[in-house]
Amino acid sequence: MNRFIQRWAVFAGLVVVWELLTWLADDTFFPRPTEIATAAHALWLSGPVEDLFLTETVFEHVLPSIARLLGGWAIAAVIGVALGVALGRSSAAMQFAGPLLTFMRSIPPPTLVPVFLLLFTAGTQMQLATIVFGVLWPILLNSIDGARSVDATKFDTSAVFRIPKPQWVLGVVLPAASPKIFAGLRVSLSLALVLMVVSELVGTDNGIGSQLLLAQRSFEFPDMWAGIILLGFLGYAFNTVLLSFEARALAWQPRQERTPATVEEKA
Amino acid sequence: GLLGGSDEQQPAESAGSGKVEKAKIKLGLLPILDVASVHIAIKKGYFQEEGLEIEPIKIQGGAAAIPGLIKGDLDISFGNWVSFMLAESKQGAKDVGGLKLINDGYQTKPDMFLILAKADSPVKSPKDFEGKTIAINTFQNIAELTAKATLEAADVDLTKVNFKEFPFPDMEAAVQNGTVDAAFMVEPFISRAQRTSGQITVLDAASGPTDGIPIGGYATTGKFADENPKTVAAFQRAMAKGQRDAADRPTVEPLLVEYAGVDKETASLVHFGEFPTSLDATRLQRVAELMRTYGLLKEEFDVKPMLVSSSGS
Amino acid sequence: MRALTRGLLGVAGFLVVWELFGRSRLVPSDYLPPPSVVAVELMRLLGDEAFLRDVVATLLALLITVVLSVGIAVPLGLVLGSVPSVRHATRAVVEFLRPIPSVALIPLAIVVIGIGPEMKISLAVYAATWPILFNTIYALDELDPLLVETARAFGTGRVRVLFSVALPSALPFVFTGIRLAATTGLVVLVSVELLAGGSGGGLGNFIMDARSGSGRMDLVLAGTVVAGVIGYLLNEGLERAQRRWVGWSTVTTGGRS
Amino acid sequence: MTAMLEVADLGHTYQAKDGAHTAIADLSFTVGAGELVCVVGPSGCGKSTLLRTISGLIHPTRGEVSLHGDRVRGVPEDLAVVFQDYSRSLFPWLSVLKNVEFPLRRTLGRAERRARAVEALEWVGLSTAYRKYPWQLSGGMQQRVAIARALAYRPALLLMDEPFASVDAQTRFELEDLLLKVRTEHDTTVLVVTHDIDESVYLGDRVLVLSTSPASVVADLKVDLPAQRDQITTRESEAFVALRAEVARLLNVGKTAEQVAARRRANEAQAAKWAEAERAEVSRVEAEERAAT
Amino acid sequence: MTAMLEVADLGHTYQAKDGAHTAIADLSFTVGAGELVCVVGPSGCGKSTLLRTISGLIHPTRGEVSLHGDRVRGVPEDLAVVFQDYSRSLFPWLSVLKNVEFPLRRTLGRAERRARAVEALEWVGLSTAYRKYPWQLSGGMQQRVAIARALAYRPALLLMDEPFASVDAQTRFELEDLLLKVRTEHDTTVLVVTHDIDESVYLGDRVLVLSTSPASVVADLKVDLPAQRDQITTRESEAFVALRAEVARLLNVGKTAEQVAARRRANEAQAAKWAEAERAEVSRVEAEERAAT
């Protein structure tokens, strides 16, 4: 409860400050949070009772976007972790693929739209490709790093007991790398939201991102901000879910009792 | 500097500097055909004659134009009428005295807005669009408005037509690989799609109800217009000459190759639109009407207060 | 050297696939020109001053981006990673801010910051900060408590523990975050140049011009290749720095298998 | 001697998800300034936990620790610790020399720091390994680096958790003498946790015997040996032998007579088995030899 | 007995940026099947390196290791190692029980695996800590988990690197006896690196004494004690005492007479200092007492 208050007090404080600032500035581009809330309500929560008050827009734009974003992120997670562990544990593979991957990492997804158009059909497939191509890298890089940093003694121990490859990967490398992998997963989860918007720049007729851009172009700034808030909300929600998974997966980590912050004079 | 930012330097004292309040104009331009007249005017020294120095700032898409004007990073900018009117109707620029339209820029002629399909497409006539998908560059803009208006005129049920957003450069490919059934294109993409992929015209979206519809022009903020009336007037005079010269194809064609990066072959094929020389409220009101019809504007909108007509030319 | 040849082999393999794909009848070569065509165009561009100016503009903006995001994210990460109460208090805000798509905010950014290079750099810094921040926080979580206890037992103050124990121990993973941030920054810079233009110029601008004016895919791909090469070189430089400064981390960890 | 360290009614319980674990039940003792006290006790009884509470790294759940009469809250000044897990307590990114210098950075200038570190490394016989990194050292060498680091710091109170566990017998003797020398020269108060009963008697002014987990004080023995000790003569002295027997006896106090008897029975059964195995082996070898000739 | 392990002309040099370091110079010895050989040698001489080459973790730069006559290239079958750095060799994400079960997953079913692990943990006296995580254990308990893991695996060849360094004397005795019992029951060949001279004699069929770094074999002593040993009677036997003196002597072989003399001189100087310090202290205390009364 205490933590809850602690967490949301800062948030609420910032919202209040924002409200005051926007009220003072009175700028079309920066509507007041209350206006945004009204717009959000009109957009998404003014639907009929049988749909739990959700509007048409939610079913037409929000849910498909979420599905694409989670799908893309999941695909990227699987590819990233698998490839990352493989590359992290095999220096030869890393030498072969390293430069190419760095090269690909530096390519802005928008320039690849024409190429994606050739390889995928526009719409869901292309959007998934864009999201995967964008969010893969934090997972991949962190997995490589995690897989590489398995402690030497643990490597030796597994070698000595002739732990078979699958067990070595699943039972040693993955757990050892998991804190780093989770860091990558968390960075990329919110990146997936960003890329969801980017992916809806081309070849779409629905989605949170396309709605957001449309609102922006039509100077419906409260609607646009409502979209941004929705993204923030989704980001927060997904992140919370991921964190609870993480807490379970990393339960073995020594308890916080002895981390830097707590080893401190209470005097 | 090396970063490519604008170098803030005082404009060189030019001949007519005594007359205008601000000699150096930061002008937002899109890399498209529509602004050929500006390049002509610069080349032929029309601005210099008026004591103006133009610093062209390349912007991509309309997204940057209005915020750029509001922030003051652009003094004047090219943009499409729909965006300007939408912004004004939503009071987007109220802090800087609203948006003011100072010059007409570009206007359709037949064969300029074409909806193209693959050569072997089953879509042969507008009626065939029902149940099909058309690529369009941006929703809720001039393309969608004219497409809808002409489709309706051809008796098409709009609720059965899908639109999807694609940037112009990607449309040819999208049509070619069947991602969409047809695409709403402009020059030089039309010429290229016809030439390289043999795509065929299904509908001219700038005909009938939308024949000669204004596309875009030059705007500034109310603040700038109030503070620099002479500058604005000088700009209008120079542009009028540019617009006039732009009607002359041999003058424009080589410029395309130069500033828009269009290859010579395509340049020789493109269909140009009209470069109107005067700003006419009645003509622009047509755009507002279209916007009203298709729900972009919620209420009546009068464009007249937005205009700053050329005083003495 | 062997690593280099292997890397080149990997790239060469990719180019061969692309060449075959581009030359096959599957796709019109206008849409996906093969690397041989792109290479010729690229050679020509490397002699073109305007193009080089664009490249330099992007490169400089990128360096500024990396420096700024490191300067922001590492201290912030140290604070958030070592003071749980601050971390709890700011979590809601941070998680709300992270998914904000910088690319969709271009108009707002222009209104606030203007159309110049500052705008794209701000957006890029915004995007590049997160990977560094999170890697720093997570690396601190993984810090061996015994190392901290050792330092504390010798009367090392909290701040110094942070800088001379926590930071060095976290550094290898922070470096990974920086490498990630460098390419993320590059991607955002080029994307913003591409979508907004403005007075910045840059590689993205070049690509957009090539695309919209004449639909020259060969130029687009040449520009893309240059972006990739910039990313590669920057990554290589960072990796070298990493090997130099935190080389210890690769030897305390297990051999390859 | 004045009491430097006072441990009163100390208790510590570790909290864990699946229930609490009491590591220390109730400990009280004092250590005078300049004294060297050895702590012995069964594995897992709470010795390391005790050192952690004294050094202020964990807050005991019960009782208190005072230094010079002040209650310990944070990490006290002028304290050095040699951790049991020495290899993890060295900073892998610092060379051996830098590791030893690390705690000195706060107080000393560059030159003096260097001199102190070099001196301490010489003491522990690592003069040739300055520039190496911890992972390039053997286990025993790492442990000696940790000892050198603590000695170079010249603390008023030195806590050592099985500091000589990983070095060979000869080196161990040398390090023991080194410790004795250093603590006399600098008047350091020392608390050494050790498993070696001989060592505890040889080193200590007193030996503190702890019970099985949770730890409490079984005995607090005064070591009545002359202050100047010598590896050979001291260890051969009658007093020494008697004391070490006493400590060994005390360590077994927790065990019931039954446990001891059980062990003896098991040993006998074992012996019978071995004898049989040996006989079998002998006849096998004989058979082999016969086959070979 | 047939030769199970053969080490021939073994040498290993570690490469480092700032020059190479030769850890093992030239080692040759054999170990028969079922034999238990103890290796003693000064700290940093190359014992752990030797175990690493035998277990195939590093490739020696010179010479070779053979098992059953086959040259060791990778990690051989049926091998278990207790690493010196036990705390790092445990998997922190697995509970104690899972840690012990981990290497058994390859070969055994769930139930049998569990039974073996439980049994091994009981042997080392950790029956109550199954569900704990390694970081919740004391140093000695962690070490015993590592031992349990190796024993549960029932290897043909067991390599142990100072396996009892962190446990108390009593537990150490028990573990020594346990090791003897297990190796007889399962006919395991064992190589134990230890620093405890007594232990090497008590445990070993042979004791291998290594020189200072780089390691070479100083002596290969046969331990002529009856196969069935007992902590009390064996250690008291004359043969035992003689052997341990011999090993101690051999360990000093590397030292020059000068070094020994120097140490003696230092000790004497020290003794004088201490005597003085003691006198000073006595008079101080007396003064204090006088003041108090």
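Labels A, B, C, D and E are assigned to the chains in the order they are written; within every chain, residues are numbered from 1.
Throughout what follows, a contact is a pair of C-beta atoms (placed from the backbone, for glycine too) under 8 Å apart; a residue touches a chain by one contact, two chains touch by 3 or more.
These figures come from a predicted structure and were not determined experimentally.
Looking at subunit B and subunit C, the chains in contact with each of them are A. Path length between subunit A and subunit E in the chain contact graph, taken as the least number of steps between touching chains: 1. Common neighbours of subunit B and subunit E under the contact definition above: A.
Per-pair tallies of C-beta contacts place A-C first.
Taking the CA centroid of subunit E as reference, the farthest chain centroid is that of B.
Between the Cα centres of subunit D and subunit E there is a gap of 18 Å. Centre-to-centre spacing of subunit C and subunit D amounts to 50 Å, using the average Cα coordinate of each chain. Computed from the mean C-alpha positions, the centre of subunit A lies at a distance of 38 Å from the centre of subunit B. Shown for subunit C are the residues that touch two or more other chains, namely 31, 107-108, 111, 149, 152, 165, 194-195, 211, 249, 251-252. In subunit B, the residues that touch at least two other chains are 63, 67, 70, 167, 169, 173.
Among the residues of subunit A, those in touch with two or more other chains are 27, 29, 114, 117-118, 151-152, 154, 156, 159, 201, 216, 253-254, 258, 263-264.
Residues 3, 6-11, 14, 27, 29-30, 89-92, 95-100, 102-112, 114-115, 117-118, 134, 137-138, 141-142, 145, 148-152, 154-156, 159, 168, 179-180, 182-183, 186-187, 190-191, 193-194, 197-198, 201, 209, 212-213, 216, 228, 231-236, 239-240, 253-254, 256, 258-264 of subunit A touch subunit C in their complex. Put simply, subunit A touches subunit B in their complex at residues 27-29, 113-114, 117-118, 121-123, 201-205, 210, 214, 216-221. Against subunit E, the residues of subunit A that register as touching in their complex are 151, 153-154, 156-157, 159-164, 167, 171-172, 175-176, 178, 252-254.
Residues 1, 14, 16, 18, 21, 40-48, 84-85, 87-88, 131-132, 136-141, 144, 161-162, 165-172, 174, 177, 180-181, 184, 195-197, 226-228, 230, 248, 251-252, 263, 267, 270-271, 273-275, 277-278, 281, 285 of subunit E touch subunit D in their complex.
Contacts from subunit C toward subunit B in the complex involve residues 28, 30-31, 53-54, 56-57, 60-61, 106-108, 110-118, 194-202, 205, 208-216.
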